[in-house]
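Residue numbering begins at 1 within each chain, and the chains themselves are lettered A, B and C in the order written.
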Amino acid sequence: MAFTLSELAQFVDGSVVGNPDHLIEKLGTLDDADGSALSFLANPKYRNKLDSTQAGAVLLRQAEHAPLVNNAIIVANPYLAFAQLTHKFVKRAHTWTGIHDSAVIADDVVLGENVRIGPNVVIEKGVVLGDEVEIGASSVVGANVRIGNNSRLAANVTIYYDVIIGDNCLLHSGAVIGADGFGFAPSAQGWTKIMQLGAVIVGNKVEIGANTTIDRGAIEDTRIGNGVIIDNQVQIAHNVIIGDNSAIAGCSAIAGSTQIGAGCTIAGGVGIIGHLTITDNVHITAMSLVSKSIDKPGSYSSGTGLEPTEKWRRSAARLRRIDEMAKQITTIEVSVNKLTQTEGKD
Amino acid sequence: MAFTLSELAQFVDGSVVGNPDHLIEKLGTLDDADGSALSFLANPKYRNKLDSTQAGAVLLRQAEHAPLVNNAIIVANPYLAFAQLTHKFVKRAHTWTGIHDSAVIADDVVLGENVRIGPNVVIEKGVVLGDEVEIGASSVVGANVRIGNNSRLAANVTIYYDVIIGDNCLLHSGAVIGADGFGFAPSAQGWTKIMQLGAVIVGNKVEIGANTTIDRGAIEDTRIGNGVIIDNQVQIAHNVIIGDNSAIAGCSAIAGSTQIGAGCTIAGGVGIIGHLTITDNVHITAMSLVSKSIDKPGSYSSGTGLEPTEKWRRSAARLRRIDEMAKQITTIEVSVNKLTQTEGKD
Amino acid sequence: MAFTLSELAQFVDGSVVGNPDHLIEKLGTLDDADGSALSFLANPKYRNKLDSTQAGAVLLRQAEHAPLVNNAIIVANPYLAFAQLTHKFVKRAHTWTGIHDSAVIADDVVLGENVRIGPNVVIEKGVVLGDEVEIGASSVVGANVRIGNNSRLAANVTIYYDVIIGDNCLLHSGAVIGADGFGFAPSAQGWTKIMQLGAVIVGNKVEIGANTTIDRGAIEDTRIGNGVIIDNQVQIAHNVIIGDNSAIAGCSAIAGSTQIGAGCTIAGGVGIIGHLTITDNVHITAMSLVSKSIDKPGSYSSGTGLEPTEKWRRSAARLRRIDEMAKQITTIEVSVNKLTQTEGKD
């Protein structure tokens, strides 16, 4: 793959400063790019790297930086332009095309045009696949699942029955969509399972990371909005609803029936307990526990700062006594006030 | 599926108030149910919803509430009755019956009656499956595994060799039972692997969630008691022992050789370090870290409350200095005591 | 399997005290071992168990302890010797040898000597497998992957295209290597995916636990050093670099572009945010959040101690007010200083 700078500039609606015929063969970081690579300056604080980069060209926001580099493409948003250009440079190596002989597909499955089904895939009855759908090797698609146009399952994905996946979705390996929600009623004989009668409805342009799990609803459905991006090893419990374009980083977990608004960002390792409502544009920092609903946009956090373990032990021990400490302060305050008054009276 | 109220009442040992022939086609929440749906009032604090619900009938504890709704079934425990009734309304769609042609099954495998084995399943030598066992598509059952009557593996489950699964268990997709425990001896040449010679023994009526992992023991076995319920993405390390009817929510992790009692509930995202003993009926709240044994039943927690990130930063910074703060208080206290005594002497 | 004590002593470079012909059939703990079992005393604090153990022989560091037990093997490092001996007692039951008929293997795949490929494995084009490589049932190996000599994939492992795995590695079931890193550029139209153009390079003698995920790099590669051991359900994001012989316990997560040094130990449930540098020989305790780079070896922690939930609620409420508390203390201190000075003037 090789493109001229002018071809790439056109693709991202930018303008070339320098040689429009310069050939770009790959993308690279400012530190590591060579003359055949295009790099980008997204964050102005790394501006000083422009002096030393060997990149053949750099995506820049400000034209005045262009003289610092070999060649440049000036765009409104270099990071976004870079993101768009990665699609020009990705290689999608297909070993097999069409429907592999080893796939096991129920008789009544409806396949769109140009569907690609890998080896050892299993597709149960009643499934409907849109156009250009791709099902990776060894994935299992349960009965009556519907998958929209251009959606893609990597290898070893599992989708339980009745789940609906929208258009332009990408599900990574090990993802499990539609397993039973964790619902049990306590009784004298132990836990009685509540059969999970809902499904999972995934919107359009959703990405679901490797080994992420999204459970089916108990009665109603679990719902993932359009444009939602979900990283690896995320757990989404039954009846959760996630608003459009929210992002959830790795290893976060959202407990049952919680509703997340649109445009939220949930960092890694976050826990959100059940039956909460989180409004739009809420941002939760890494490993925070959200235990109450949030009705005001903004950034929220919990947890404590990292310390050397010995010092941390003392802090943690003191924290255990913080209630007594607060009472002690109040007692002292009373004494001091009394003394001050006495003093005043002298 | 449709049942008369009297059929359903009989199933849950309840009594009908209203029309015993009213047809119920589905279950629903008080908010969303229509005339063909049965709902339930489990928590009396939602009693006011009875006035507005459109449900065809409602499971109630107290007969005096029946006049508020269209029809009612009076039972001792509405939530439990609801759980039992979900089993009447679940549809289990089987695309294939019996043993699928594409399954690869070793010659000496012993199959019980009415075993159902899905496409592309792999069953290694020495395996014994009880009656009515169901193995989902693409699951792999290692050598010498035994699975009891009525137990069911969803698609893409992996069970390593020598593992024993009891009766009436349900394992969800992506679960991995019997991978090596994380045991290594440090040496001058790096880590020397300790081969994990134990197995995993899972009791009866155990549910194991999607992408949950339970490692095999180092020398002895890892043991999961009867009636234990485990959510998605839980990690149970080698030689852990879990008592009967304990419940473990999503993304929790229990480190090696820890013993959990019976009737415990471990909320989501909890960590329990290794070699601890947790007594019966202990409850751990979400994302707590258990770093000491617990010998007294009750509820335990760690962590800090959620705050707006800016305020949280100040709190976290102050917490780092809590030890100095405590010393400062003591110093002030000494001064105040001295002043008070001096004052007294005046 | 049965070995004489002298055979085993020779294997671990130790010397027998007692009967060199005593037959050992298995390994056991000091508590549970019987006369046919070999046990070990790794930690001198359990020395008192030597009096009561029924073990046929015990691995000991100090010869003077030998009279306390039936027989002994004296070695420099009993735990390491035990680790080495587990390799003598493991049974590897192979149901199928060679390349199973049901495996789907692209035409141009290069197979080393004595390769073992299980049922329903899928190997895409351009793959190169070294000698003695073993691919477990239903695993999927993407295009152009290279796997070094003696490396082993358990069942249901997924490796995406272009990933390189070194020699003597072991990957457990459900592991996913090379899925897309979580990279998206925000735009007015939502998230624009950044295609992940790098790969994953795994060194030699690396163990990767069940359901662990290691994402491919955005531009450069994600790199795992030699001798690294990774437990279950660990998440390693794009462009992370992990130094040789570091160990990462279950459910930990390392965010994008972070570099971990050599010889580090990361306990379970730890989170390390992105773009950090952690130097060699750093140890992080369970469930800590690392939010800054660490340039000094040592042990680090965050979080709070476990408390009964009611007491914890009060502590957490007080902690929310710690900033006010600190200001209150300062105010009191000023008053007291003033009083003390006044007092001095009297």
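As a working rule, a residue touches a chain if its C-beta (ideal position, glycine included) is under 8 Å from a C-beta of that chain, and two chains touch if they have at least 3 such contacts.
Everything numeric here is computed off the predicted structure, so don't read it as measured data.
Contact topology of the protein chains: fully connected, every pair of chains touching. The two sequence copies chain A and chain B touch through a face in which the numbers common to both fall below half of the numbers used overall.
A rotation of 120 degrees, rounded to the nearest 5, superposes the Cα atoms of chain B on chain C.
For the pair chain A and chain B, the distance between mean C-alpha positions equals 25 Å. Taken residue by residue, chain C touches two or more other chains at 102, 120, 138, 156, 174, 211, 233, 251, 287, 303-305, 307, 319, 322, 325, 329, 332, 336, 339, whereas all remaining positions touch fewer.
On the chain A side of its complex with chain C, the touching residues are 26-29, 32, 77, 79-80, 82-84, 86-87, 89-90, 93, 95-96, 100, 102, 118-120, 136-138, 154-156, 170, 172-174, 205, 207, 209-211, 226-227, 229, 231-233, 244-245, 247, 249-251, 267-269, 286-287, 303-310, 312-313, 316-317, 319-320, 322-323, 325-326, 329, 332-333, 336, 339-340, 343. The part of chain A that touches chain B in the complex is made up of residues 102, 104, 106, 120, 122, 124-126, 138, 140, 142-144, 156, 158, 160-161, 174, 176, 179-180, 182-187, 190-197, 211, 213, 215, 219-220, 233, 235, 237, 251, 253, 255, 271, 273, 283, 285, 287-292, 298-305, 307, 311, 314-315, 318-319, 321-322, 325, 328-329, 332, 335-336, 339, 342.
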